[in-house]
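In this document, chain identifiers A, B, C, D, E and F correspond to the written order of the chains, with residue numbering beginning at 1 in each.
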(Lines give C-alpha, C1' and ligand atoms only; values in the text may rest on other atoms or scores of the structure.)
Protein backbone atom coordinates (compact mmCIF):
# COMPACT_ATOMS: atom_id res chain seq x y z
CA UNK A 1 0.00 0.00 0.00
CA UNK A 2 1.25 3.46 -0.90
CA UNK A 3 -0.07 6.64 0.74
CA UNK A 4 -0.44 10.22 -0.46
CA UNK A 5 0.74 11.42 2.97
CA UNK A 6 4.20 12.93 2.46
CA UNK A 7 5.65 12.09 5.85
CA UNK A 8 6.46 8.61 7.13
CA UNK A 9 8.91 8.51 10.01
CA UNK A 10 10.14 5.03 10.90
CA UNK A 11 10.93 4.08 14.46
CA UNK A 12 10.34 1.83 17.43
CA UNK A 13 7.44 1.94 19.89
CA UNK A 14 8.63 3.29 23.25
CA UNK A 15 5.39 2.85 25.17
CA UNK A 16 1.63 2.61 24.78
CA UNK A 17 -0.74 4.16 27.32
CA UNK A 18 -4.40 3.29 26.89
CA UNK A 19 -7.04 5.61 28.32
CA UNK A 20 -10.79 5.09 28.42
CA UNK A 21 -11.11 5.43 24.61
CA UNK A 22 -7.93 7.17 23.45
CA UNK A 23 -4.39 5.81 23.62
CA UNK A 24 -1.05 7.60 23.45
CA UNK A 25 1.73 5.85 21.58
CA UNK A 26 5.30 7.13 21.68
CA UNK A 27 7.72 6.27 18.89
CA UNK A 28 11.50 6.69 19.00
CA UNK A 29 12.44 7.81 15.49
CA UNK A 30 16.15 8.17 16.28
CA UNK A 31 17.04 11.45 17.86
CA UNK A 32 13.45 12.43 18.54
CA UNK A 33 10.27 10.99 20.02
CA UNK A 34 6.89 11.22 18.31
CA UNK A 35 3.63 11.03 20.27
CA UNK A 36 0.47 9.81 18.54
CA UNK A 37 -3.08 9.94 19.92
CA UNK A 38 -4.99 7.02 18.42
CA UNK A 39 -7.99 4.90 19.41
CA UNK A 40 -7.66 1.97 21.81
CA UNK A 41 -9.16 -0.16 19.04
CA UNK A 42 -6.25 0.70 16.74
CA UNK A 43 -3.76 -0.27 19.45
CA UNK A 44 -5.46 -3.65 19.78
CA UNK A 45 -5.84 -4.25 16.05
CA UNK A 46 -2.20 -3.39 15.31
CA UNK A 47 -1.01 -5.19 18.45
CA UNK A 48 1.12 -2.19 19.39
CA UNK A 49 3.60 -2.72 22.21
CA UNK A 50 6.99 -1.41 23.32
CA UNK A 51 9.90 -2.53 21.15
CA UNK A 52 7.83 -3.00 18.00
CA UNK A 53 8.86 -1.43 14.68
CA UNK A 54 6.31 1.14 13.52
CA UNK A 55 6.07 4.39 11.58
CA UNK A 56 4.40 7.76 12.14
CA UNK A 57 2.36 8.87 9.12
CA UNK A 58 1.61 12.60 8.92
CA UNK A 59 -0.16 14.55 6.17
CA UNK A 60 1.77 17.67 5.12
CA UNK A 61 -1.29 19.87 5.73
CA UNK A 62 -1.04 18.93 9.44
CA UNK A 63 2.52 20.25 9.82
CA UNK A 64 3.12 23.74 11.25
CA UNK A 65 6.49 25.41 10.74
CA UNK A 66 8.08 27.25 13.68
CA UNK A 67 11.11 29.53 13.67
CA UNK A 68 12.88 31.29 16.54
CA UNK B 1 6.13 30.49 23.95
CA UNK B 2 5.29 26.91 24.90
CA UNK B 3 2.85 24.77 22.92
CA UNK B 4 0.54 21.91 23.87
CA UNK B 5 1.51 20.12 20.64
CA UNK B 6 3.59 17.11 21.66
CA UNK B 7 5.82 16.95 18.58
CA UNK B 8 8.46 19.50 17.63
CA UNK B 9 11.07 18.21 15.21
CA UNK B 10 14.02 20.55 14.70
CA UNK B 11 15.77 20.81 11.37
CA UNK B 12 16.89 22.91 8.45
CA UNK B 13 14.78 24.16 5.54
CA UNK B 14 15.68 22.25 2.35
CA UNK B 15 13.49 24.17 -0.04
CA UNK B 16 10.35 26.31 -0.28
CA UNK B 17 7.98 26.03 -3.26
CA UNK B 18 5.24 28.63 -3.40
CA UNK B 19 2.08 27.90 -5.36
CA UNK B 20 -0.83 30.24 -6.06
CA UNK B 21 -1.92 30.28 -2.39
CA UNK B 22 -0.29 27.22 -0.78
CA UNK B 23 3.43 26.62 -0.31
CA UNK B 24 5.34 23.41 0.35
CA UNK B 25 8.26 23.59 2.73
CA UNK B 26 10.66 20.70 3.19
CA UNK B 27 12.67 20.34 6.37
CA UNK B 28 15.69 18.08 6.87
CA UNK B 29 15.33 16.78 10.43
CA UNK B 30 18.44 14.58 10.27
CA UNK B 31 17.82 11.21 8.68
CA UNK B 32 14.38 12.15 7.39
CA UNK B 33 12.66 14.92 5.47
CA UNK B 34 9.37 16.51 6.59
CA UNK B 35 7.05 18.23 4.10
CA UNK B 36 4.69 20.94 5.33
CA UNK B 37 1.85 22.57 3.38
CA UNK B 38 1.45 26.10 4.65
CA UNK B 39 0.14 29.39 3.29
CA UNK B 40 2.29 31.65 1.11
CA UNK B 41 1.62 34.37 3.69
CA UNK B 42 3.26 32.26 6.39
CA UNK B 43 6.33 31.73 4.18
CA UNK B 44 6.63 35.49 3.73
CA UNK B 45 5.98 36.37 7.36
CA UNK B 46 8.52 33.84 8.66
CA UNK B 47 10.96 34.66 5.85
CA UNK B 48 11.43 30.94 5.16
CA UNK B 49 14.28 30.03 2.82
CA UNK B 50 16.66 27.14 2.23
CA UNK B 51 19.32 26.72 4.91
CA UNK B 52 17.27 28.31 7.68
CA UNK B 53 16.82 26.61 11.04
CA UNK B 54 13.17 25.71 11.65
CA UNK B 55 11.00 23.12 13.37
CA UNK B 56 8.00 21.04 12.40
CA UNK B 57 5.20 21.24 14.97
CA UNK B 58 2.66 18.41 14.86
CA UNK B 59 -0.29 17.75 17.18
CA UNK B 60 -0.40 14.13 18.40
CA UNK B 61 -4.01 13.75 17.19
CA UNK B 62 -2.68 14.26 13.63
CA UNK B 63 -0.28 11.31 13.79
CA UNK B 64 -1.29 7.94 12.33
CA UNK B 65 0.66 4.81 13.31
CA UNK B 66 1.57 2.28 10.60
CA UNK B 67 2.98 -1.22 11.02
CA UNK B 68 4.05 -3.75 8.40
CA UNK C 1 0.97 -2.20 5.92
CA UNK C 2 -1.72 -1.69 8.55
CA UNK C 3 -2.80 1.76 9.74
CA UNK C 4 -4.20 3.02 13.04
CA UNK C 5 -6.63 5.25 11.09
CA UNK C 6 -10.10 3.77 11.63
CA UNK C 7 -11.61 4.76 8.29
CA UNK C 8 -10.62 3.34 4.91
CA UNK C 9 -13.22 3.83 2.19
CA UNK C 10 -12.50 1.92 -1.01
CA UNK C 11 -13.45 3.32 -4.39
CA UNK C 12 -12.44 4.43 -7.86
CA UNK C 13 -10.77 7.69 -8.84
CA UNK C 14 -13.27 9.95 -10.67
CA UNK C 15 -10.89 12.76 -11.56
CA UNK C 16 -7.66 14.45 -10.55
CA UNK C 17 -7.24 18.22 -10.79
CA UNK C 18 -3.74 19.52 -10.18
CA UNK C 19 -3.24 23.12 -9.08
CA UNK C 20 0.03 24.97 -8.57
CA UNK C 21 1.01 22.86 -5.55
CA UNK C 22 -2.23 21.23 -4.33
CA UNK C 23 -4.35 18.67 -6.21
CA UNK C 24 -7.96 17.64 -5.70
CA UNK C 25 -8.77 13.96 -6.16
CA UNK C 26 -12.35 12.73 -6.24
CA UNK C 27 -13.14 9.14 -5.35
CA UNK C 28 -16.41 7.34 -6.07
CA UNK C 29 -16.96 5.10 -3.04
CA UNK C 30 -20.30 3.74 -4.25
CA UNK C 31 -23.21 5.99 -3.47
CA UNK C 32 -21.04 8.92 -2.46
CA UNK C 33 -18.05 10.91 -3.70
CA UNK C 34 -15.07 11.77 -1.51
CA UNK C 35 -12.84 14.76 -2.29
CA UNK C 36 -9.23 14.73 -1.08
CA UNK C 37 -6.79 17.66 -1.15
CA UNK C 38 -3.31 16.24 -1.54
CA UNK C 39 0.03 17.44 -2.90
CA UNK C 40 0.82 17.32 -6.62
CA UNK C 41 3.85 15.23 -5.67
CA UNK C 42 1.59 12.56 -4.15
CA UNK C 43 -0.50 12.46 -7.34
CA UNK C 44 2.65 11.86 -9.37
CA UNK C 45 4.18 9.33 -7.00
CA UNK C 46 0.98 7.27 -6.77
CA UNK C 47 0.28 7.73 -10.50
CA UNK C 48 -3.32 8.73 -9.71
CA UNK C 49 -5.68 8.95 -12.68
CA UNK C 50 -9.38 8.47 -13.41
CA UNK C 51 -10.56 4.86 -13.26
CA UNK C 52 -7.92 3.71 -10.83
CA UNK C 53 -8.80 1.77 -7.67
CA UNK C 54 -7.92 3.75 -4.54
CA UNK C 55 -9.05 4.28 -0.97
CA UNK C 56 -9.71 7.31 1.23
CA UNK C 57 -7.98 7.04 4.61
CA UNK C 58 -9.40 9.26 7.36
CA UNK C 59 -8.39 9.46 11.04
CA UNK C 60 -11.40 9.30 13.37
CA UNK C 61 -10.32 12.53 15.11
CA UNK C 62 -10.88 14.33 11.78
CA UNK C 63 -14.56 13.30 11.52
CA UNK C 64 -17.29 15.72 12.64
CA UNK C 65 -20.81 14.38 13.29
CA UNK C 66 -23.79 16.37 11.99
CA UNK C 67 -27.48 15.87 12.78
CA UNK C 68 -30.53 17.70 11.47
CA UNK D 1 -26.48 25.86 7.22
CA UNK D 2 -24.05 25.07 4.40
CA UNK D 3 -20.45 24.02 5.00
CA UNK D 4 -17.26 24.44 2.99
CA UNK D 5 -16.27 20.87 3.91
CA UNK D 6 -16.51 18.82 0.71
CA UNK D 7 -17.47 15.51 2.29
CA UNK D 8 -20.75 14.74 4.01
CA UNK D 9 -21.54 11.04 4.29
CA UNK D 10 -25.08 10.30 5.47
CA UNK D 11 -25.84 7.28 7.63
CA UNK D 12 -27.19 5.84 10.83
CA UNK D 13 -25.51 5.75 14.23
CA UNK D 14 -24.40 2.18 15.06
CA UNK D 15 -23.13 2.81 18.56
CA UNK D 16 -21.76 5.48 20.87
CA UNK D 17 -19.03 4.72 23.39
CA UNK D 18 -18.23 7.47 25.85
CA UNK D 19 -14.82 7.56 27.53
CA UNK D 20 -13.64 9.92 30.26
CA UNK D 21 -13.66 12.94 27.91
CA UNK D 22 -13.66 11.52 24.36
CA UNK D 23 -16.42 9.45 22.74
CA UNK D 24 -16.31 7.17 19.71
CA UNK D 25 -19.33 7.22 17.43
CA UNK D 26 -19.74 4.68 14.64
CA UNK D 27 -21.90 5.47 11.65
CA UNK D 28 -23.18 2.96 9.09
CA UNK D 29 -23.03 4.82 5.77
CA UNK D 30 -24.25 1.87 3.71
CA UNK D 31 -21.50 -0.54 2.78
CA UNK D 32 -18.98 0.98 5.15
CA UNK D 33 -18.68 2.11 8.76
CA UNK D 34 -17.21 5.45 9.77
CA UNK D 35 -15.71 6.00 13.22
CA UNK D 36 -15.62 9.52 14.68
CA UNK D 37 -13.78 10.64 17.82
CA UNK D 38 -15.72 13.53 19.30
CA UNK D 39 -16.14 15.07 22.75
CA UNK D 40 -18.59 13.62 25.28
CA UNK D 41 -20.19 17.08 25.36
CA UNK D 42 -20.98 16.86 21.65
CA UNK D 43 -22.60 13.45 22.16
CA UNK D 44 -24.82 14.92 24.86
CA UNK D 45 -25.65 18.11 22.99
CA UNK D 46 -26.58 16.26 19.80
CA UNK D 47 -28.33 13.48 21.77
CA UNK D 48 -26.47 10.85 19.74
CA UNK D 49 -27.69 7.28 20.15
CA UNK D 50 -27.86 4.07 18.10
CA UNK D 51 -30.40 4.15 15.27
CA UNK D 52 -30.30 7.92 14.83
CA UNK D 53 -29.80 9.50 11.40
CA UNK D 54 -26.53 11.44 11.23
CA UNK D 55 -23.77 12.43 8.82
CA UNK D 56 -19.99 12.36 8.88
CA UNK D 57 -18.47 15.69 7.84
CA UNK D 58 -14.85 15.56 6.66
CA UNK D 59 -12.67 18.37 5.26
CA UNK D 60 -10.88 17.36 2.04
CA UNK D 61 -7.51 18.36 3.52
CA UNK D 62 -8.00 15.58 6.09
CA UNK D 63 -8.33 12.81 3.48
CA UNK D 64 -5.30 10.68 2.58
CA UNK D 65 -5.37 8.63 -0.64
CA UNK D 66 -4.06 5.04 -0.56
CA UNK D 67 -3.36 2.72 -3.50
CA UNK D 68 -2.18 -0.89 -3.53
CA UNK E 1 -28.11 21.16 11.25
CA UNK E 2 -26.14 20.75 14.46
CA UNK E 3 -22.44 19.83 14.52
CA UNK E 4 -20.28 17.94 17.01
CA UNK E 5 -17.50 20.49 16.43
CA UNK E 6 -17.21 22.53 19.63
CA UNK E 7 -16.09 25.80 18.09
CA UNK E 8 -18.21 28.04 15.88
CA UNK E 9 -16.98 31.62 15.64
CA UNK E 10 -19.40 33.97 13.91
CA UNK E 11 -18.16 36.85 11.80
CA UNK E 12 -18.05 38.65 8.47
CA UNK E 13 -16.00 37.71 5.41
CA UNK E 14 -13.14 40.21 4.94
CA UNK E 15 -11.80 38.86 1.68
CA UNK E 16 -11.58 35.76 -0.48
CA UNK E 17 -8.44 34.93 -2.47
CA UNK E 18 -8.76 32.03 -4.89
CA UNK E 19 -5.63 30.17 -5.99
CA UNK E 20 -5.35 27.40 -8.57
CA UNK E 21 -7.28 24.91 -6.39
CA UNK E 22 -7.16 26.32 -2.85
CA UNK E 23 -8.73 29.55 -1.61
CA UNK E 24 -8.01 31.60 1.48
CA UNK E 25 -10.97 33.18 3.23
CA UNK E 26 -10.51 35.71 6.02
CA UNK E 27 -13.23 36.25 8.58
CA UNK E 28 -13.49 39.16 11.00
CA UNK E 29 -14.86 37.65 14.20
CA UNK E 30 -14.76 40.90 16.17
CA UNK E 31 -11.39 41.67 17.64
CA UNK E 32 -9.60 38.99 15.67
CA UNK E 33 -9.30 37.69 12.12
CA UNK E 34 -9.58 34.00 11.22
CA UNK E 35 -8.00 32.61 8.03
CA UNK E 36 -9.45 29.46 6.46
CA UNK E 37 -7.93 27.42 3.62
CA UNK E 38 -10.78 25.83 1.69
CA UNK E 39 -11.34 24.58 -1.84
CA UNK E 40 -12.26 26.94 -4.68
CA UNK E 41 -15.34 24.75 -5.19
CA UNK E 42 -16.52 25.52 -1.66
CA UNK E 43 -16.09 29.25 -2.27
CA UNK E 44 -18.26 28.97 -5.38
CA UNK E 45 -20.87 26.72 -3.80
CA UNK E 46 -21.28 28.94 -0.73
CA UNK E 47 -21.01 32.12 -2.84
CA UNK E 48 -18.48 33.55 -0.40
CA UNK E 49 -17.64 37.21 -0.85
CA UNK E 50 -16.51 40.17 1.28
CA UNK E 51 -19.16 41.51 3.63
CA UNK E 52 -21.06 38.23 3.93
CA UNK E 53 -22.00 36.77 7.32
CA UNK E 54 -20.24 33.45 7.92
CA UNK E 55 -18.81 31.33 10.72
CA UNK E 56 -15.55 29.48 11.31
CA UNK E 57 -16.12 25.89 12.45
CA UNK E 58 -13.18 24.24 14.22
CA UNK E 59 -12.98 20.78 15.82
CA UNK E 60 -11.49 20.89 19.33
CA UNK E 61 -8.89 18.27 18.40
CA UNK E 62 -7.46 20.80 15.90
CA UNK E 63 -6.79 23.46 18.55
CA UNK E 64 -3.31 23.83 20.06
CA UNK E 65 -2.86 25.78 23.30
CA UNK E 66 0.05 28.20 23.61
CA UNK E 67 1.33 29.99 26.72
CA UNK E 68 4.14 32.52 27.12
CA UNK F 1 9.06 31.62 18.39
CA UNK F 2 6.95 32.43 15.34
CA UNK F 3 4.50 29.94 13.82
CA UNK F 4 3.23 29.40 10.28
CA UNK F 5 -0.28 28.80 11.69
CA UNK F 6 -2.39 31.79 10.67
CA UNK F 7 -4.72 31.85 13.65
CA UNK F 8 -3.75 32.73 17.20
CA UNK F 9 -6.65 33.74 19.42
CA UNK F 10 -5.61 35.17 22.78
CA UNK F 11 -7.69 34.59 25.88
CA UNK F 12 -7.96 33.28 29.41
CA UNK F 13 -8.37 29.67 30.52
CA UNK F 14 -11.92 29.07 31.80
CA UNK F 15 -11.48 25.50 32.94
CA UNK F 16 -9.41 22.37 32.41
CA UNK F 17 -10.99 18.90 32.56
CA UNK F 18 -8.56 15.99 32.47
CA UNK F 19 -9.76 12.59 31.29
CA UNK F 20 -7.84 9.32 31.28
CA UNK F 21 -5.44 10.52 28.56
CA UNK F 22 -7.16 13.50 26.90
CA UNK F 23 -7.99 16.85 28.50
CA UNK F 24 -10.45 19.54 27.45
CA UNK F 25 -9.37 23.12 27.93
CA UNK F 26 -11.79 26.01 27.46
CA UNK F 27 -10.50 29.48 26.63
CA UNK F 28 -12.49 32.70 26.87
CA UNK F 29 -11.32 34.77 23.89
CA UNK F 30 -13.67 37.69 24.60
CA UNK F 31 -17.14 37.17 23.21
CA UNK F 32 -16.62 33.49 22.46
CA UNK F 33 -15.30 30.34 24.08
CA UNK F 34 -12.82 28.00 22.39
CA UNK F 35 -12.57 24.33 23.39
CA UNK F 36 -9.29 22.47 22.81
CA UNK F 37 -8.71 18.73 23.16
CA UNK F 38 -5.10 18.22 24.18
CA UNK F 39 -3.11 15.56 26.03
CA UNK F 40 -3.00 15.43 29.82
CA UNK F 41 0.79 15.67 29.48
CA UNK F 42 0.47 19.03 27.73
CA UNK F 43 -1.79 20.32 30.52
CA UNK F 44 0.84 19.34 33.09
CA UNK F 45 3.81 20.66 31.11
CA UNK F 46 2.16 24.03 30.46
CA UNK F 47 0.71 24.14 33.97
CA UNK F 48 -2.69 25.08 32.55
CA UNK F 49 -5.30 26.22 35.07
CA UNK F 50 -8.32 28.52 35.20
CA UNK F 51 -7.51 32.21 35.02
CA UNK F 52 -4.25 31.77 33.13
CA UNK F 53 -3.51 33.75 29.96
CA UNK F 54 -3.23 31.45 26.93
CA UNK F 55 -3.87 31.40 23.20
CA UNK F 56 -5.58 29.02 20.80
CA UNK F 57 -3.41 28.22 17.76
CA UNK F 58 -5.27 26.91 14.71
CA UNK F 59 -3.89 26.06 11.25
CA UNK F 60 -5.99 27.59 8.45
CA UNK F 61 -6.40 24.18 6.78
CA UNK F 62 -8.35 23.08 9.89
CA UNK F 63 -10.98 25.82 9.58
CA UNK F 64 -14.33 25.06 7.91
CA UNK F 65 -16.52 27.95 6.74
CA UNK F 66 -20.27 27.78 7.41
CA UNK F 67 -23.01 30.04 6.04
CA UNK F 68 -26.74 30.07 6.76
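Here, contacts are C-beta pairs under 8 Å (C-beta built on N, C-alpha and C of every residue); 3 or more make two chains touch, one makes a residue touch a chain.
Owing to the predicted nature of the structure, the values given are computational and were not obtained by experimental measurement.
The chain with its C-alpha centre at the largest distance from the centre of subunit E is A.
Counting C-beta pairs in contact across A-D and across A-B gives the higher total for A-B. Farthest chain from subunit B (centres taken as the mean of C-alpha atoms): D. More than half of the contact pairs at D-E come back, by residue number, in B-F, the repeat among A-F, C-E or B-F.
Spacing of subunit D relative to subunit F, judged by their CA centroids, is 22 angstrom.
Chain centres here are Cα means. That of subunit E falls 17 Å from that of subunit F.
Residue positions of subunit F with contacts to 2 or more other chains are 1-6, 19-22, 24-25, 35-39, 41-42, 46, 57, 59-62, 64-68. Listing the residues of subunit D that touch subunit A in their complex gives 17-24, 35, 37, 61-62, 64-68. Interface residues of subunit E facing subunit D in the complex, by the touch rule stated above, are 1-6, 25, 36-39, 41-43, 45-46, 57, 60-61.
Across the complex, subunit B meets subunit A through its residues 5-10, 24-25, 27, 29-32, 34-38, 42, 46-48, 52-68. Residues 1-5, 19-22, 39, 41, 57, 59, 61 of subunit A are the ones touching subunit D in the complex.
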